[in-house]
Amino acid sequence: MRTPVIGVMGGSKATPTVTEMAHELGTLIAQHGWILLNGGRNSGVMAASAAGAKSAGGIVIGILPDTTRAKASPDLDVAILTGTGDGRNLFNVLSSDIVVACPGALGTLAEVVLALKHNKHVVLLGFDLGSDFDKFRNKRQLTHADTPGQAVDLIAAALNTAGA
Amino acid sequence: MRTPVIGVMGGSKATPTVTEMAHELGTLIAQHGWILLNGGRNSGVMAASAAGAKSAGGIVIGILPDTTRAKASPDLDVAILTGTGDGRNLFNVLSSDIVVACPGALGTLAEVVLALKHNKHVVLLGFDLGSDFDKFRNKRQLTHADTPGQAVDLIAAALNTAGA
Amino acid sequence: MRTPVIGVMGGSKATPTVTEMAHELGTLIAQHGWILLNGGRNSGVMAASAAGAKSAGGIVIGILPDTTRAKASPDLDVAILTGTGDGRNLFNVLSSDIVVACPGALGTLAEVVLALKHNKHVVLLGFDLGSDFDKFRNKRQLTHADTPGQAVDLIAAALNTAGA
Amino acid sequence: MRTPVIGVMGGSKATPTVTEMAHELGTLIAQHGWILLNGGRNSGVMAASAAGAKSAGGIVIGILPDTTRAKASPDLDVAILTGTGDGRNLFNVLSSDIVVACPGALGTLAEVVLALKHNKHVVLLGFDLGSDFDKFRNKRQLTHADTPGQAVDLIAAALNTAGA
């Protein structure tokens, strides 16, 4: 049984509320023994979720748009450097067993869409999307959480289903 | 003054109605003297829009997910082979001055989101998206057309604005 | 019969001699009716070969490492924007029927190696490589030209062989 | 002080001798406390080096050309899935602090060239390259080892130099 990889997506700019939420999410992911994977930059949801996971002794992998570590979070165990810019969003999604999206802008929305396309379960944490996505809600591929604790419960349930 | 490049996105599977619409759109793009750029495969909206443009003497560029021309439309003037799978969607968007999205599935939606993120004008042809996208409608970055003729008018207007 | 695409690789910095050679190569490629494909930037072998082809009325496609046209040669008919940095070297090679390498640095060498790996015929123009490449010389996949005229003869011969 | 990441490149097909060498190299990398990064497939140098590292309790990251884990080595701690084919070779190189190349074919040579281009120290293990690479030998960016033990000594020395 390999360790699940949980992808955490979200804005590179984040309000204090979202930052705190991403930090708690990272902490809980690490406490469950899962690997946290994100976009690796030292800003917004990426930095906060990495710091949270690290504070709980977890493993953090960042897949960066850059060719160097100059903008990498200091909390990464491994920085995957791609030099592909936004192209790395697809790698984040493909490499995650489950994707959690925190509030963000179009980059986050693109990752949600890519994740659904590649048959990943997506948890929306702290925000929701409109009726364009009802089809995925109805088959429970897309779920919604108000708190990091709820998100982690949804992750656990989705991992159980995938492993069944 | 370089020739504008119009990106045409849409499903690799298409109904007869959508296929006909994509063919007419390609024809009109070529008649306006614009270069048509799409995903290059010999199926759905890609094949139909390429065939339409070619029938009107236009230039067609396809950016393919593949490493070979095996699945390429015969109507391409140049096949850009990338071997990046869905990763090529970003290249399509970046390389287009204006993006027209015909009905499709999640791949098309991902391209719409990427196009908006990279500040491209997007015309939705024959379908619409929900309230998640109101922000882009309100600033006229996202517009809607019912017919290929309307789409081409919106393209022309957006090119004028961009060139101003 | 589609129009052959000839990839021209080489340094982004070039001596006057190499610049002149690349310009003449581009001119001859266009005069033969072939499409010229290169890395698209407005410098070195890329700029010179594009200008040569354009001066002879040819079609030039550039596959750029960038997300915008800011550094693109003004002589491109179509700029393929990828945002993948050096990652675009693979796309250049895959999209070319034949590859001509002008003198360059490690980027050019990497493209030669990738081209050989993907079974492309490679013409080295104005330089040569060492014994590591004898295997490809012996099966005539790798050839050497001293002048643009010779390079074009080798291209024509390789196209004939590939089309046979 | 973050943990160094050592990239191990080499053929997807390997002789028994090369397989044994790659396995021992992986073991030694893990025993030194370094993270092993490779191309992630369950064949050749990739599979052997991963198995070696895992047998010594190390951490193994694989960056795969694929969109799924179907061809992944069972010894990976994290599989980075890219769907970029050979395009992932660049990511391997960028993400490694030091690159060790075991005997391979053109893919391995391409990785050596890319690594040199991106200023990585490269250790050639069990083979050598010709005079095209003298420039990099002379400045000690390219070194040669006959055994995994020697390779690990060269890695340690290069890490010391880089960290100085």
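Read from first to last, the chains carry the letters A, B, C and D; within each, the first residue is number 1.
Keep in mind that, in the parts below, a residue touches a chain if its C-beta (ideal position, glycine included) is under 8 Å from a C-beta of that chain, and two chains touch if they have at least 3 such contacts.
The shown structure was predicted, so the numbers you read here are calculated from the model rather than taken from an experiment.
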Chain D and chain A - chains in contact with each: B, C
Required steps from chain B to chain D (each step between touching chains, minimum): 1
Copies chain A and chain C touch via same or different residues, half shared test: same
Taking each chain's C-alpha mean as its centre, the one farthest from chain B: D
Where chain B and chain C are represented by their mean Cα positions, the distance between them in whole Å: 28
Approximate Å spacing (C-alpha centroids) for the pair chain A, chain C: 41
For chain A paired with chain B, centre-to-centre distance based on mean C-alpha positions, whole Å: 30
Residues of chain A touching at least two other chains: 67, 82-87, 90
Interface residues, chain C side, partner chain B - complex: 2-3, 5, 35, 37, 59, 61, 63, 67, 76-83, 90-91, 94-95, 118
Chain B partner contacts - residues on chain D that touch it in the complex: 67, 82-87
Residues of chain C defined as touching chain D within the complex: 84-87, 90, 105-107, 109-110, 113-114, 116-117, 129-132
